[in-house]
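Look for subunit A in each of the two complexes below; its partner is subunit B in the first and subunit C in the second.
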Partner chain A sequence: MNNGNGRRLNGETEEDDDDEGSEGDLDAWERTYADERSWESLQEDESGLLRPVDNKTLYHAQYRRRIRSLSSQATTSRIQKGLIRYLYIVVDLSRAAAEMDYRPSRMAVVAKHVEAFIREFFDQNPLSQLGLVTIKDGIAHCLTDLGGSPESHVKALMGKLECSGESSLQNALDLVHGYLNQIPSYGHREVLILYSALSTCDPGDILETIQKCKKSKMRCSVIGLSAEIFICKHLCQETGGSYSVAMDESHFKELILEHAPPPPAIAEFAIANLIKMGFPQRAAESSIAICSCHKEAKVGGGYTCPRCKARVCELPTECRICGLTLISSPHLARSYHHLFPIVPFDEVSSSVLNDPRNRLPRSCFGCQQSLPNPGNKPSLRVACPKCKQHFCLDCDIYIHESLHNCPGCESFRHSKSPIATEE
Partner chain B sequence: MKFQIEDVTVYFPYDHIYPEQYAYMVELKRALDARGHCLLEMPTGTGKTIALLSLITSYTLSKPNNPVKLIYCTRTVHEMEKTLAELKLLHAYQTTHIGDRARILAVGLSSRKNLCVNSRVLAAENRDSVDASCRRLTASWVRAAAVANPNLPTCEFFEEYEKAGSNAVLPPGVYTLQDLRAYGKEKGWCPYFLARHMVQFANVVVYSYQYLLDPKVAGYISKEMQKESVVVFDEAHNIDNVCIEALSVSVRRQTLEGARRNLNKMRQEIEKFKATDAGRLRAEYNRLVEGLAQRGNLPFTDNWLSNPALPDDILKEAVPGNIRRAEHFLHVLRRLVQYLEGRLETDNVEKEGPVGFVASINTHAGIDQKTLKFCYDRLHSLMLTLEITDTDEFLHIQTICDFATLVGTYTRGFSVIIEPFDERMPHIPDPVLQLSCHDASLAIKPVFDRFQSVVITSGTLSPIDLYPRLLNFHPVVSRSFTMSLTRDCICPMVLTRGSDQLPVSTKFDMRSDLGVVRNYGRLLLEMASVVPDGIVCFFVSYSYMDGIVNSWNENGILKEIMQHKLVFIETQDVVETTLALDNYRKACDCGRGAIFFSVARGKVAEGIDFDRHYGRLVIMFGVPFQYTLSKILLARLEYLRDTFQIKEGDFLTFDALRQAAQCVGRVIRSKADYGMMIFADKRYSRHDKRSKLPGWILSHLRDAHLNLSTDMALHIAREFLRKMAQPYDKAGSSGRKTLLSQEDVEKMGDGILNEMQY
Partner chain C sequence: MPSAATKLYADDVSLLVVLLDTNPFFWSTSTLPFSKFLSHVLSFLNSILLLNQINQIVVIATGCNSCDYIYDSSLSTNPGIEKGKLPALCSELLKKLEDFVTRDEQLNKQQSQSLPPTTTSSLLSGSLSMALCYIQRVFRSGPLQPHPRILCVQGSSDGPEQYVAIMNSIFSAQRSMVPIDSCYIGSNNSAFLQQASYITGGVYQKPQQLDGLFQYLSTVFATDLHSRTFLQLPKSVGVDFRASCFCHKKTIDMGYICSVCLSIFCKHHKKCSTCGSVFGQAQSDVASASNLKRKTPET
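Presenting the complex of A and B:
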């Protein structure tokens, strides 16, 4: 069940380490019991019989569906993507978040995946900023302001994990609206609400608030943890966001990570715009300076703002002194692939596989491991429509979600030899 | 789309059709071919109405030399408007495809209250007073007087309409009530009389059940309908009750007092006429000697009553001599009222057959059966002679005459029951004399006899073999269709135990048990915490609802429920209930979540939809049996057993289960919708009860969901709601087609038919 998790490189591995540390005294069998809960993924068919679950194909089918929906949007029209995002994550910490249908509790599961999401988010959108808001006792609190440092957000969230009282969607939206309204027009305003409760206790008319959000072009998305709620659906429809409800923990993780790649820009809002940015130099190792963000003297490290020469510790950020957006060129480069996604690979149909006249490559072009024999397991390979190379399912996911380059096409561009020999 | 069913080309206004709609049309077409009656059950939300309309209009188009008229009966004005709107769509489609040949005239007909455009008349608050104030302006003698004295008010719309005479016709098209009003305003013609006039010529007429079933109204509205008509009763699961109500009368003390006042007033009028215009009374007398049938040549604004299901030969008979003179008739009525007053002064419940009752009237008040039979028409004639227009004030005496005529006409299928007080409140004297009809077939018989095909259709007609027996007719087709679903969007459950594993039920000996009350409370509380937006609860009666809500309030459960959702309650007051419903919807809309407490057989259970987020869950607390100690019910059961060989238990269960199905069916109104249904009573798990639920519910009721406790139900609810929240593919996967395109229909032929039936 863990294939494909490798792509969440930094976030996952660290977290796995933590788990091992805390649960080190468990035996291996206990651990599979406590962590994986494999019985939950059992399914019943119509007559109530248990159906064995083929996780790998299932996972791949989900991924293909996702990628197809993405590419179908992309092919119909050339879509502009909002690369500079200002996202508020609203975490519902009302009474309902203490419920135990996710283990150990909804709140803990949400926190865990928000942490992973924050890291993934900055990985994919280096130019963007993010803030955290919680709802508790019917009131919305701002946990962290918009900022570009994953660590500070994660720390702030983990310190505040307790829940009580009602939930209020309107209060949260009002608060976030107040913050996001000041964002310059090139930034994309987004809200992602992780909603545990099934109702909202509002001080006023929430429908007005929704209209207000719509007017100021906030894209509100909701991930529900228990069931579909009308007002959330309405909110998402009005503001152009997406609404989804998680079936279980792994589905929740999938849903939240869907929000990591930048969404298509709202049409009337997507005017071409020139933005002033600075590319600061890394300071010399031995130089000592007081950084503008922590107000501490530091030896080495840090970057110098090209306009006002102030010292900052991390990139990307906004200069505290002159307000210039500071980034490095790899950040820009990493955002680039969103604009030119690679086309989804075609599944090799079983008729082609079974046809003895076709001589198919034996191994995956990506990892060189041998592909399954056409005889016993058909259709478990995909082919790139451009370079016609075959790949295994794991490579397919890795190429689309992490690498963003097709190894076949790339090698074809540099040397034509491998293709030539095959033909 | 356009396709062939045998020899009929069907024009269907949508690009896709559900397989069950297709199957429905095929069955309907066969019934029309056979010129017989049919019973068709198909779940709501599958497009019954459009299937019916499109097949019947297409049938007429395919057989131009044998045109069929469609008479479509609905229960409410709202449904009438919806039907007409669908017909409009269909008509537009048909005319674009085959041009002017498809032109039809379709009108909706409703009471004056819904059709009148005269602002002075509309100021009246209820239906009867609107009728009366219309008559005040349009009665022939009022208009005659207005010619002499122009200061008398008349209705300008009616005058215009009269002036246009035979030119006042509607051009072909589909007219909803609103269209009629707009057209009337534009032309300056009275829409009500225009519609009533056009009903005879229209190809499609949409109106309320009463216009066909209630003999008082049916006589003059539906008299001129041709035999080659198809009559459709939509949402007809309660048709037997409608028939019975149409022929039942209840008399209370207030009625009798009112009748006395009416009689006094009439006496004064007669005295006045004697002094001024004795010739009029004389003329009436002569007319009565010749027989009632002569009444036909009266101006038609004046005829507002007709004879309740009297055979034609009686109409031609002369009115008995002892009531021909106005004073004598009043004397007879006075004696009758006095006799009834005497009967109400009783301390015990009395039950009598009509024959015995008439005999006792004869001995005590000296009124024989024939006289009683003519009361209705005699009163009518008298009121016309006296030129009484305030008919709403004379309702009481009309009720008495209704009663007299019915009791005089029928010897079987009725009983007279006198109760000195309401069984449930024995301390408050409230005597009531009821003439209750037990035989639903009496009122509907003329309809079956007269028209070529009668279609009875609804979402719940199970068990489908009982209806022909109750209504006493022989259908050529009786079928039940299932619903083809892309996903299992309904989740019925039978909950038999509370969370403490003790059985729950509203059986008489268990209903007041504290454990049961608490278990029901816990069930609702737990459900409120996992179900989003709206929940609807149905209780078996008002008194039970009051009791259980009270005890929930005392032990704090209600307070806990209120933390999750707001609670609204249906009351007997219509205005209050409407307000509660409004606020309930608002609470669901804005995400607060709400629960609506309602009563099976109440107004809400019958006519209000709780679709989409307004009803994600419906809980039926208990089995909604009728109040079995009611004298009327007992009498009816006895009659059913003796006449139709229907066992008491069978009928009671059938009636309770159809109410339950009706209640839970409120939540699903379309295929895209989803909802859960919980039957919370241990008796539902018994096969004899459960098997009477309609097929479309039964087919989703899995064996695993038959005997649940609260916690198991909770788990199922969680899973179901999560599953339903996932995006889905509307057209259905390739294996199970739920939307057919034109090619599919052509390819498929008959294979699908067998699949859709039970």
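Presenting the complex of A and C:
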């Protein structure tokens, strides 16, 4: 998603630290191979020779497939997304989570990517809430209540990373069902189960529990870490969720991040409603007030509830005094790109490229990178179907995954889309 | 870039992407003539290049009908230092700018034949998107990168039709940790740029005396990101985060949100005009449901 950012954040130094920590319990011969999986970065070419995998083209091909499937979904159903989500993440911390087929262990890999997922989730679903549940010794525990602060969830999860005993799908579903039944009717109820075990140890009939979840319109999805299990598949099919089994760490990361963007709203799953909300102004930097959330006197930087005039420190939140949901307009704007998605760009066919009559732009419209004519190889440029400007593959990905604007369409008055003017 | 990458990158090496507002509707009404404005900006750009040999500048023109790159110091063929008074920057930039302004004007004429000129805003969403694409390319270029930032020198008023696109750009800049500085030289404050600078951690300033524009530019906006931690830069005087309703474009501090698409309305409607959802339940039911929800964690 945010390529540049991620790369800058996880600089060399951090990664080195991780490796040292995780390699402590490996044999010497394992060390060089465990993390790199160097055999996976080779592929056979047509004459049977081994070649390094061309990661960039591969990545771009994957991305284009995803974009295409997304856009075909969008055209078949009206763009309605479940933007207000109430999601429980269930982390299986049974004995199976200690397995070391993922390095350093399944549990550690799950925790690492759940952390990234939580941040991505709140970035993409600013009005949604999330809670954590763990399964250990056959019992489900609620680690954190539904809430909107990523930090508290991450902290709670990192503090509880030990595993033992059996796993129980039914206990987890029962617990989550109890919580999700209380949320307002306009919210989308979702459960994401990260399942390490190959069995479930249940106190009663799990099929009954699954029917109960289905009736409460809970969308249950499972990502398995070992192998496909019938009961998980059945659960997902019944409740409209998705079931997938991760092959390795990078696949797991991809699968879990697929749950970050809001799912298409299914009309019967949540009742559309108008929610009353307040848009507090940011108070002047020098004013002093007692905030209602921490009950402390603070200088400046707070927001004032427009209904009861109580001071709160952060948005979005619910006013402690009058219960009004308080947000700022940028919080809402973060979700608008889901409603006004930009069209996928078309690949420029080689016949167009090789036709000397066409005067093609020599550089990418977005970043000015020069676009060489590739000859017979697959094209290295794409074009926006609306504004006809050409872009390099890197910009293509950045534009669709992070920017959500076409620089070409935005740069010409005549091609401004009618959707944008609606705002 | 590639040639410079071999040199040592200190924490104060900057890539500055400047977005220049060339909107003729604004400049025809401004007290500061466009030529004066340019001389302020050119001196500022020169001083950035002189602050550090490997600083980089990219200038994008924000026009009324189009946007385009008009200068990139990494592509500059003759490094001006050899010629004494840095003429390369001035001549190249001014020539490209002139071409751009004439083209933009022609587009305007074509436009006004088909449609009546309705809007006088600049295409800020376009130049912001281009700047961000350029910066992503620099991020991809390797481990040695200058610290990028964007400076909008804007005079025209906000174009409400660009709201979604500008907010998208702001959030993408925030995710990549690229601050957006704003030097607003128009008459009223720009709510778009105030939010852009607030959200991305940049500086928003509206100079009081346009005659001294260079002074503002060089003292506030020339400082690199590392040095900013040691300086007392202008603090935000408050940001208007109130929303405007989709139905009347009225600014409101309390309103109704469609739970499906998050559109904002100032009063209760039966149907959402954006996504077409029909609102079923009465408001009181929702209130009680959320009360229930809030109480449970305490028990």
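By our rule, the second predicted complex is superposed on the first by the 347 of 423 C-alpha atoms of A that agree within 3 Å, B and C clash if a C-alpha of one lies under 4 Å from a C-alpha of the other, contacts with A are read in each partner's own complex, and residues count from 1 in each chain.
Quick note on the criterion: contacts are C-beta pairs under 8 Å (C-beta built on N, C-alpha and C of every residue); 3 or more make two chains touch, one makes a residue touch a chain.
Model, not experiment: these values are computed from the prediction.
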Superposition on subunit A - do subunit B and subunit C clash or fit: fit
Subunit A: partner with more touched residues, subunit B or subunit C: C
Applying the document's definition of touch, where does A:D123 land relative to subunit B and subunit C: first, second, both, or neither? second
Which of the two partners, first being subunit B and second being subunit C, lies in contact with A:N405: first, second, both, or neither? second
Based on the superposed arrangement, let me know which partner A:M247 touches: subunit B (first), subunit C (second), both, or neither? first
Superposed arrangement, angle subtended at the Cα centre of subunit A by subunit B and subunit C, nearest 10 degrees: 150
First (subunit B), second (subunit C), both or neither: which does A:D101 touch? first
Looking at A:D205, would you say it contacts subunit B, subunit C, both, or neither? Reply first, second, both or neither. first
Have a look at where A:I231 lands relative to subunit B and subunit C in the superposition and call it first, second, both or neither. first
Would you give the minimum C-alpha distance from subunit B to subunit C, in Å, for the three-chain superposition? 30
Seen from subunit C, its contact residues with subunit A in the complex are 64-69, 72, 107, 111, 119, 123, 125-127, 129-130, 132-137, 139-140, 143, 145, 160-165, 167-172, 175-177, 195, 199, 235-244, 246, 252-262, 264-265, 268-269, 272, 274-281, 283, 285-287, 289-294, 296-297
For subunit B, which residues count as touching subunit A in their complex? 529-533, 564-565, 588-593, 612-613, 616, 702-704, 718, 721-727
Listed in rising order, the residues of subunit A that touch subunit B in the complex are 48, 96, 101, 169, 198-202, 205-207, 224, 226-232, 244-247
Using the touch rule from the top, collect the residues of subunit A that touch subunit C in their complex. 1-5, 7-8, 12, 78-84, 123, 127, 145-146, 182-187, 265, 270-285, 306-307, 318, 323-325, 328-330, 332-337, 339-340, 364-369, 394-395, 398-399, 402-407, 410-414, 416, 420-423
